Amino acid sequence: MEMKILEEGTGEIFCKNTPITMREYARGKTRALIDKRMPLQEAVKKFINDGDYLAIGGFGHIRIPMATIYEIVRQKKKNLSVAGHTAVQDIDVLMAGGCVSNVDIAYVVGFELRGLSGVQRRLFESGQVKKTDYTNGAMSYRLRAGAQGVPFIPVKVMLGTDTMRKSPGKVFECPFTGEKVLLLPALNPDVLIMHAHRADIYGNCQIDGHIVKDDIQARASKRIIVTCEEIVDTEILRADPGKTIVPFFMVDAVIEQPWGSHPGNMPYKYYFDHEFTENYLAKGRDKDPGAIQKWMDEWIYSLDDFNAYVTKLGASRLYKLRDDEFLRPPMGGKQS
Amino acid sequence: MEMKILEEGTGEIFCKNTPITMREYARGKTRALIDKRMPLQEAVKKFINDGDYLAIGGFGHIRIPMATIYEIVRQKKKNLSVAGHTAVQDIDVLMAGGCVSNVDIAYVVGFELRGLSGVQRRLFESGQVKKTDYTNGAMSYRLRAGAQGVPFIPVKVMLGTDTMRKSPGKVFECPFTGEKVLLLPALNPDVLIMHAHRADIYGNCQIDGHIVKDDIQARASKRIIVTCEEIVDTEILRADPGKTIVPFFMVDAVIEQPWGSHPGNMPYKYYFDHEFTENYLAKGRDKDPGAIQKWMDEWIYSLDDFNAYVTKLGASRLYKLRDDEFLRPPMGGKQS
Amino acid sequence: MSGREYTLRELMTVVAARQMEDNKAVAVGTGLPLAAAMLAQKTHAPNLLIVFEAGGVAPQLPTLPISVGDSRTIHKALMCTTLIDIMDMMRRGYIDYAFLGGAQIDKYGNLNSTMIGDNYEQPKVRFPGSGGANDFGSLAWETMIIMDRHGPRRFVENVDFITTPGYLDGPGSREGWGLSPGTGPSRVVTDLCLFDFHPETKIMRLKALHPGITEEDVKKATGFEIEVASSIETNTPPTAEDLRILHEVIDPTGRIFPKK
Amino acid sequence: MSGREYTLRELMTVVAARQMEDNKAVAVGTGLPLAAAMLAQKTHAPNLLIVFEAGGVAPQLPTLPISVGDSRTIHKALMCTTLIDIMDMMRRGYIDYAFLGGAQIDKYGNLNSTMIGDNYEQPKVRFPGSGGANDFGSLAWETMIIMDRHGPRRFVENVDFITTPGYLDGPGSREGWGLSPGTGPSRVVTDLCLFDFHPETKIMRLKALHPGITEEDVKKATGFEIEVASSIETNTPPTAEDLRILHEVIDPTGRIFPKK
C-alpha cells in the first residue's frame, strides 16, 4: 500500500534527540531514591550544557522557573535552543542574556496584555536568533510524542497556513480513514527546568492548579532541574500519590527556592509582580541596548544567587504579592 | 514523497465511530450546568443502545461500574461491542447475560490469579463472540487518539507478533526518522460506563488513586454514564479543580450508587469481595450452563435494582470489605 | 468626548458579547474577548462555558486575568487541566466559539499574528506567532474575531503571513486541507462595524454598523472588496446595565475600560 | 514431602529475585514475579523500583496484591498514574525488567498467552491474550520469564500464537520489526532450571540447574534444542532468611506460598 506525503513545511528541526537516544539516556539514570538536593549553581553547571535544547516549565509568566533562568544567564550559557511554547519573561531574560541561538516559536516576543518585547524584537528581526514556527497545540503534541517515545504524531492544526509552511510538518492521508492530518516530529528536550509547589529530596513533585504542560515535558525531557517553593517529607507525598506529577527517577536535581517564580505568578502562592515586569519591559524597549544590560547587571550579574535577589526585593514587596494572589487587602490597610 | 505500509493485520475494527462523527456528536451536547441525576434504569435505557460500542471504567475488577453492568444485563441489551482493555468480572457478567457480540481483546477470559472464566471460554472458543486482538497499551493508545480527535496513532508495541497480525495495525516507516512504527486506528466508544468516588449533580467527577484509563476513555467516548460512591456539592469540587478528572459537559447521567463497584475493589473505600467472585466464577465454570443462569436470576434478574442487591448482600458483609481495604481487624475482634 | 455615553471599546465588547449564545462554550484569551464572554455570562448567557488555553475550565472569575494562565483563570474552576487537554477537547467538538485577534486580516478571515514584511528571516516586525490562535481557528466550530483600529493596513487583500486559518483560499479550501467541515470564522467585530461571512463566497460581509458609521466608512477602511448584507443593521449601544457590569463587576480597576 | 526444606515455587521465586540488580526498575504483575521483586527489595536490592501496569509506582506493599491494579499496588505509593503513562515510561527506557509468564514458550523466548489450537476463530483454549505482556516484552530493556510445569507441551518448537515478542525469528528479527536495539528476553526461570539466551544465536541457554536436576532432565522436558552454557551452575537453595521473608512478610496468609 502506497502512501503520499502531500505537502511539507521547510522549518528546521532544532532538537536532534529522538525516541531512541532518549531511551538510551533514560537507561543510564538511577532508579534509586537518592538525595538530589544541590545548590542551584551546581545543578545548572552540571545539567545544562552550551548548545542544549531547553524546555521551560509553566506558562510564559505563570509558574516559571525564574531562579534557574537567572542562574543560566549568570553562568553565561551559550547557543541554547529553546521551546517557545508560550514563553514570555522566561525566554526574554535568556535572550537578553545572550544565551539563545534557536527558538521553536509557538508564542514569544509578546507579554500578552503588556505588549511586545524590545529585546526579542531586536534579536528575531535582525535574524540573529533562528526560529521555526509552530502553535501551542503543536508544541504540546510534539512533547506528547516525545513522552510516548514515538518519532512523530498526527495533528489537526496548522493545516493550510504559513505556520505550517514554516514548520517541519508533513501533510499525510490517514491509511484508515483517508482524512488529512499533519505529521509533526516528536520533541525530546535535553533539559527541562521547572518550578513546582513542592517536592521531596528525591524529586517527586507536586503542582497545585493547572499543570499546563509540565507533565508531558517532564516525561519528554532527558534531564530535569526542579526548583520548588518547599521541600517536604516524602511521607507527605506518599499520602496522596495521585498528586505526584513528576516521579523522582526522571529528576536530576532538586532545589528549594521560595519565590522562585518571581516576578511570575505562582498559583495559590503569589501573584505577578506587575511593576517589576513593566519596569523590565521598559528597559528592554529602550532604544539604548545598554538599558537592559544595566538591568541585568543590577538584578542578575551583580548578585551571587537567587537568595540575594529575594533579599533585594525585600519582604514587604513579596508579601504584597501574596496578598494580591488571595485578593485580600494587605494587613493594616492601605499599603499598596 | 512516497511512503509504504509494510505489513498490515487482518483484525476487524468493531467501532465505526471516527473523530469526525465524534466531533459532530459532541457539538450537540449541552454546555449548561444542568442536574443530570436520574435513576440508573433510565440512564441505561436512554444512553445505551443495542449494538453500541461500550467502554468500561476501572481495571478488570478495580473501580468497575458493576451497578451499571447489572442493569445492562437486566435490560437485556444486545449485540454490544466491548473494549476488553483488561476486562474481568465486568465483561464476564455482560457475556453471561448474552449482551455481547464483539470484543476488542487486550485482556479478557482471565481473572488474574483466580484463573480462567468458564463463561468466556465457552463463548470465545465456540466463535459465538467475535474478537480482535490488541494489547493493553494498544487499547490505551487507541483511546488516546480518540481523545485527541485524530484517526490514528503510531505505537511501538505488537510489532512482529501474531497479536499484530490479528489486529488492524499497519506497519509504517516514520517519514522523519525512518523508524518503524505500528499505526493503530483511533477508538471513540459510543458510551462509557464508569464508577467514580464522587461527582456533583452536573457530572464533574473525582477519582481517588490511580486513574488507569478513565481520563482518556471519558474523553474518547460520545456518552458517559457516571455512577459514584457519593454526590457532593459542587463547591467541594471547585475547591480542588485539579482533581476533576472528567468535566461535566462530557457526562450524560450521574447516579449516586454506594458500593457500586461490588464485588470489585474501590480503592480507599472497600476491598474485593473475594468469596463472592470465587462463587460466581465457580458457577460459570460449572459444566451445566444452567448454573450461571441460576446465579444471574438470583443476583440480577430477580432483583429490581442495585439497591436490592446491596440489601441482599447485607451490612456485615459490606462492612467487612471496608475493614479489608484499610487492612484493619473488624471492630470487636474476630468476625471474618 | 464624542458625545457618546460609551467608548468604542465598550461598544465592541458589548457587540461581541451578543454574538455568543447561552449553553455554548467559548475558548478565550485575555482582554476584550474575555470581557465580552464575562459580560455575556452576566447578561443573556449565564450558562456560557468559559475555558482557557492554559487549562482553566469554568472558573468563577473574580476579576479580569492579566494572562490566559494566571491564578484568576482557575479561581474556583470546575477543572484545572493541561493545555493539550483543552486543545483535544476543542478538536473533539466541545468548543463552539474561539475568540481571536491579529495584526492583519484578509477577506477570508485569515489572520496574521506572526510578522510584518516579506522576509521571514528578517521581518519588519516580529509578532508573537500563533500561540494557541491557529489551534483555536483550526479546531473550534466558529472563530470570532475582534480587530480594533479598523483600517486598510489591517484589513488587507493578502496578509503577510497566514498564522491562523480563516477560509484560506475561499470556499472548500479549509476542507481541502483537512480542517473539519462546518468550521471557520463567523464574526468580525471592529471599531466600525460587525461582519459575518457570506455563506457561499466565504468573504467578509458587512452585517451591522456601529451608530454613526456609514457603509462608505467601512469600505474606505477596508483594503479588500467586502460583501454587504441585503439589509444592514445598526448595532445597539451598550445599555446602562452593560456598562455597570463592565465597570463595576468585570474590570473594577479600570485596566481595560478606563473610567471617564 | 521431597525432603527439601523449600518448595519449587519458593526456589523459583528466590532464583527470580536474584536476577534483579539494585537501583533498577521492574514492571510486574501479581503472583510469583511480584513476590520475587518484593523479595529482592527486602534482600539485595533495596532500591529496586517496582511499577504496576495499572498505574502504581513505588508503593509500600503491605501484602501481596490480588490484582495488578488493586489497592495494595498504590499503598503509600510515590505516584498513582495511568496505564498509558506506565507504558510510555517503559517505552522511554525507564523500565529495566519486565516479568512475564505464558502458556507456551519457544526457543527464542516468544510467549503465547492467547490461545491453544490452530483456529483463531475457534481455539481449543482461549487464554486472556496479551494484557500488558506484549507491551512489556516490546518496551522494557529485559524480559524475564517465569514458567512452571516445565515440559514439552509448554516449551515448544513453535508456539500456537506469538502473543509477546521474544527474539521472534532469531538474531536481528526484533530490530527488523522496529523493536528497540538491546531489548529482549534475558532469563527464563522454570521449576527445573534457569535459562539465559545465547548472545549470538538468541536461543534459550541452560545457565543453572536446580538442585537435584540434571541437564538431561531439562533436555527431556524441553521441546526444542537448547543451548548449554560452557559451565552450568547450580542454583543455591533459598536461605532461611529468604523463606522467613516470603512467609512472614510477603505472603503471611499463605495465598501463594502455602505453609507446610
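Lettered A, B, C and D in written order, each chain numbered from 1.
Just so we're on the same page, a residue touches a chain if its C-beta (ideal position, glycine included) is under 8 Å from a C-beta of that chain, and two chains touch if they have at least 3 such contacts.
The model shown is predicted, which means the values in this text are computed figures rather than measured ones.
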| item | value |
| --- | --- |
| A-C or A-D, whichever has more C-beta pairs in contact | A-C |
| Length of the line joining the C-alpha centres of chain B and chain D, rounded to whole Å | 28 |
| For chain A paired with chain D, centre-to-centre distance based on mean C-alpha positions, whole Å | 40 |
| Cα-centroid distance, chain A relative to chain B, in whole angstrom | 37 |
| Per-residue overlap in chain B, given as positions that touch at least 2 other chains | 19-20, 141, 148-150, 156, 179, 181, 209-211, 241-242 |
| Where chain D touches two or more other chains, by residue | 56, 74, 80-81, 91, 180 |
| Pairwise touch network: line, ring, star, complete, or other | other |
| Full enumeration of touching chain pairs | A-B, A-C, A-D, B-C, B-D |
| Partner chain C, residues of chain A touching it in the complex | 58-62, 84, 86, 105-110, 112-114, 116, 120-121, 124-127, 133-138, 140-141, 144, 156-163, 166, 171, 179-182, 209-213, 215-216, 265, 267-268, 271-272, 274, 325, 327 |
| Interface residues, chain A side, partner chain B - complex | 1-5, 8, 13, 18-20, 141, 148-156, 168, 170, 172, 174-177, 179, 181, 183, 185, 207-211, 241-243 |
| Interfacial residue positions of chain A with respect to chain D in the complex | 19-20, 22-27, 29-33, 147-150, 204, 219, 234, 237-239, 241-242, 244, 247-250 |
| Complex contact set, residues of chain C against chain A | 29-31, 53-56, 62-63, 66-71, 73-74, 80-84, 87, 91, 110, 114, 120-135, 138-139, 161-165, 168, 173-174, 176-180, 255-256 |
| Chain D residues within the chain A interface of the complex | 22-25, 47-49, 56-60, 74, 76-81, 85, 88-89, 91-94, 96, 141, 180-181 |
